[in-house]
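Multiple structures follow.
Two complexes come next, and they have one chain in common, subunit A, joined by subunit B in the first and subunit C in the second.
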Partner chain A sequence: MSTEKSTARKIFEWHEQRLPIVSFIDHAVGSQYPAPRNLNYFWNFGSLAGFMLVTMILTGVFLAMNYTPHESMAFDSVERIMRDVNYGWLIRYMHFNGASFFFIAVYIHIFRGLYYGSYKAPREVLWWIGILILLAMMATAFLGYVLPWGQMSFSGATVITNLFSAIPVVGNTIVTLLWGGFAVANPTLNRFFSLHYLLPFVIVGLVFLHIWALHIPGSNNPLGIELTAKDKIPFHPYYTVKDAFGVGVFLLFYFGIVFYAPNLLGDVTNYMKANPLTTPPNVVPEWYFLPYYAILRSIPNKLLGVIAMFGSLLILFVVPWLDTSRIRSAVFRPVYKAFFWVFVVDCLVLGYCGSQHPEGLPLILSRVGTAWYFLHFLILMPVIGWLETPKPLPASISEPVLNPAE
Partner chain B sequence: MANTAPAHTAHADGADGETRRDFLLNTTVAAGAVGGALMVWPLIHSMNPAADTLSMSTTEVNTSGIAEGMGITFLWRGKPVFARHRTKAEIEEARKVPMGELKDPQKDEARVQKGHEELLVLVGVCTHLGCVPLGQKVTEPRGEFGGYFCPCHGSMYDTSGRIRKGPAPTNLEVPPYTFLSDTTVRVG
Partner chain C sequence: MRKSVLTAIAAFALALPISAMGAEEEIHLPKQTWSFDGVFGKYDKVQLQRGFQVYKEVCASCHSLQYISFRNLEALGYSEGQIKALANEYDIDDGPDEAGDMFKRKGRPADHLPKPYPNDAFARASNGGALPPDLSLMAKAREGGPDYIYNLLLGYEDAPKDMTLADGMNYNKFFPGHQIAMPQQITDGRVTYDDKETPTTAAQISKDVTAFLMWTAEPKLEIRHATGFRVLLYTLFFTILAYLLKRRIWSRIEKH
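Presenting the complex of A and B:
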């Protein structure tokens, strides 16, 4: 065997010495990142979210080439994208439904974290950055939804910006500042477009920090135990292949919707041009905001409703301290596991209530659901941690396989 | 001794060992921070209503065509404004409500103009989260108090536009308006 290096290799090394970008990526998501050998499919959703972020930015940049951010032209420019621009329908439906699939990936990713205790020490900062990403995504999706300037865009923009009017004393000044006028109008649309273009790149920066924070302790795993080097395998090729497979399956669902039911997740009211003189009979946000909307509407006081809605998100920041158990994975926490699933159902119920008129049964359900939401975090999480007897933890991933106990 | 002391402490002029160098550093950082902070204001203020937006401030309407019990809706500064020709019964109902029953107590007399008690002029924006309430047309739901019903989160207003039930904290706003003649109103 010759020890002589090929020319390509020499050029590569020359470049790596000056900018070690390939080694950097290899350490981040390549062969130099040791990952737990037992990761299940719930660990696919992080890379799926990243995939959707790239998809959103790509389709968004091309939409922006044909979109006009003006109150009298925005709606028609989107219709032109749909009818006249080559493949405009595809790009817009990918962007529009992409937002939904981005949220699907991220919500599953977050519930994964809640189930396997991925927020616990030493991953608190990683968890925080994840919540910041969620908040930035929500802002981006809200701003984007206003851009087509349909009837629901307009009402959504009005309702959400008015949330800030609940702030005592300065509320109305802040709302006027957000609008750039006395109502949601052209200046509002212009700034929303500017920010809608900006925020996704802020998310890219946050994702970078998220991965960085991930690599300090390394990935958590379904057993939630600390791992030795023996229990790890290189990310590349094992998880690059598994993640790529996940992307394939995810794409089947994503494009299933894009091609066969592109308006299933949207609201028909948004295909009517915005009219400031009327409000549609049932103002509802996109599905991914419904649980928060139900929380907002469950409380018959404006300020308290707004506080509860924002609180339902901000409470996630302190979850690492509300959970008093030292065991990470719900696999070994029978009581927490049961209440975790109750919590999932609670979120779904809240989502349903958010889509209904706030009266009768949906109103009662949304009040119970809201109470339970906060009860889960503020009371159940600490108390279960104190009282529960966890199941014995295995010493390593391979132990239960090599010496099965019973 | 003189050799061991770091050069700049020899020039110490502050009582607790602070040097001229620290002073220069601190004032430079402070001046930079204040300058940077001052620059933030033009950026923020640029988001406030611009001069042309502020200038679109009045709207004139003719109220002669509004039949009793009906209302018209028009835009003023980008917001819907309701003008409603109230019936005798509606006015009476608004006037006999005891103040104690109101969330945001205000007499009906204070919300309309003398001599034009039948004409109720309101900013048609729910004080909860800004939806446009229903009730301008007789066919629309008007809520339990005969005035307006906001479909968004169920706020109900009476025939004086006062909040009676639901999450909205205050009465529908009465915009500034003047009668130019018996049948022309200028809002703003």
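Presenting the complex of A and C:
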């Protein structure tokens, strides 16, 4: 190797001295970020969520070029995208199903955090920012669902904005502000479009904070123990290549749906233009909101239902303190592990109940499910932490391998 | 502890009022096989042309296809000349002209298929208060999609003895609630096909017009299927390469 620097190298170093952006990226997700060597495939879902965020922003920008946010033109402009815009059908199906796959990635990412105790000290702020990202995503998804101005868009907008009227004193004023008038109408659609375009960039900002907060303590790992330098490997190339493989597998599922079942996750009712004079027999949100919807409808009092629904999300902020165990990973917590899976089933049951009419068995199930949801966080998490005897922790990743006799 | 918690939950669930069990009836739609089913599914252009003929001769007198232009029918295999001739059969409202008057002119390929009624109120007035819906998206706007349309067209029966139909309504076993304003339209021999070979049974006619309506709802289905196959093949190739690269790179640390 010649000691003489190439011209390209000199230009690069000149630029790095003034704005060290390449070093910055290298420290964030490159060779200078030491990551645990034992991360399993559940750790792929963070990068997958980031990948979906970029996919959603790119497809969304191109959709916005052809979309008309007007109550009498929105539906037709979406149909024009589907029929007359070059590859408009592809961009729209990618965006529409992309929301679902974004939520799939994020939900698995969150459950991974719950299982391996990634919210515990010193990662509480990292966890908080993650919840903020979830909330911003949910707002964005709801706003976006309204934009095609189909029958379910309209009903969804009406039902969800009406929730705020449950707030005492100021409720109706808030709803009027959300609507831009006294009913869901053109001003509502206009402001929803504006906010739907704004919030994704707020999410991008939050993702930067999320990654920043991740880098202070570094990544958690399946064992949940503090790692020494010898148990760490550079993020690049080890995890960049692993994430690339993960993106490939994820894309196979995503494209499978986009190309072969693009309307599977949607509601047929939204292929009818919004008509304020009719209401669909069963107003249901998209699948990723169903558990919250079940919680909302399980309580016969509107205000309490709204409080429970938002509470089911806000309770996540205090999870680092509700969990009293000092052991992070559920791998060493047999009782918590069992209840973790019960909780997963509970969320799925709530999701099913959210899709059903709130009567009969689904209503009973959603009430039990809602009670269990809060019981899990408010009672089981602290109590299990106090009473459970955890399994012995290894001192390092290599220890169980080095001392198999123990 | 656990026991008392469970008792509390059970008490909570049971103490709350339980409304009557869902009374909604599940309607089973017998599934049909369609040429556009599956990964390699395509439209049968000859069938779409027959379906268009059914739409034109039967459905079009009440139902619009607002998102379809004459030019779109090229996808059914018609030539440019045939489409010009077809559009030419229609009188289209246009204007205003230089004198400020609206006028009629012959249709052009770029025109949308004309609607049967000038507005919804007129449509209702002509149909005993019922509004015949636009059919462009019908195959995607109902549970069951094409299977729903096909079965609905054939699902007319005499109403059960214990059911009284409202004035002007018809009984259809596949329609939610079973009372539909549209009378039975598709019967054996309702249209005469040019090819003389395709049977003109009610089932065949329904099948053809349903396939046509699937095309109006999802005109890009063929290119979607074809593009998807290539995209998935490429993604699979990329994923395998990424996996092999991952194994090779990770072998550096797993050795020691």
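Following the convention adopted for this analysis, the second predicted complex is superposed on the first by the 403 of 406 C-alpha atoms of A that agree within 3 Å, B and C clash if a C-alpha of one lies under 4 Å from a C-alpha of the other, contacts with A are read in each partner's own complex, and residues count from 1 in each chain.
Here is the rule we use: contacts are C-beta pairs under 8 Å (C-beta built on N, C-alpha and C of every residue); 3 or more make two chains touch, one makes a residue touch a chain.
Here the structure is a predicted model, which means the values were calculated and not measured.
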item: Clash or fit (per the criteria above) of subunit B with subunit C on subunit A; value: fit
item: Touched partner set for A:359, first subunit B, second subunit C, both or neither; value: both
item: Which of subunit B and subunit C A:249 touches, first, second, both or neither; value: second
item: Contacts of A:283 with subunit B and subunit C, given as first, second, both or neither; value: first
item: Which superposed partner A:371 touches (first subunit B, second subunit C, both, neither); value: second
item: Touched partner set for A:237, first subunit B, second subunit C, both or neither; value: second
item: Subunit B versus subunit C as contact partner of A:57, first or second or both or neither; value: neither
item: Partner chain(s) touched by A:258 [first = subunit B, second = subunit C, both, neither]; value: second
item: Vertex subunit A, arms to subunit B and subunit C (CA centres, degrees, nearest 10); value: 70
item: Which superposed partner A:83 touches (first subunit B, second subunit C, both, neither); value: second
item: Which partner reaches more residues of subunit A (counting touched residues only), subunit B or subunit C; value: C
item: Touching partner for A:163 - first (subunit B), second (subunit C), both, neither; value: first
item: Per-pair minimum CA distance [subunit C against subunit B, superposed on A] in Å; value: 8
item: Footprint overlap on subunit A, where subunit B in one structure and subunit C in the other make contact; value: 281, 300, 357, 359
item: Residue ranges of subunit A touching subunit B (in the complex, touch as defined); value: 155, 158-159, 161-163, 165, 176-185, 187, 191, 276-279, 281-283, 297, 299-303, 305, 357-359
item: Complex interface listing, subunit A residues touching subunit C; value: 37, 76, 79, 82-83, 89-90, 93, 233, 237-238, 241-242, 244-245, 247-249, 251-252, 255-256, 258-260, 262-263, 268-269, 271-272, 281, 300, 356-357, 359-361, 363-364, 367-368, 371-372, 375, 379, 383
item: Subunit A-touching residues of subunit C, taken from the complex the two chains share; value: 1, 5, 9-10, 12-13, 16-22, 24, 39, 67, 72, 136-137, 140-143, 145, 176, 217, 219-220, 224-225, 227-229, 231-232, 235-236, 238-239, 242-243, 245-246, 249-250, 253
item: Residues of subunit B defined as touching subunit A within the complex; value: 44, 47-50, 53, 73, 75, 77-80, 124-125, 128-133, 151-154, 166-169
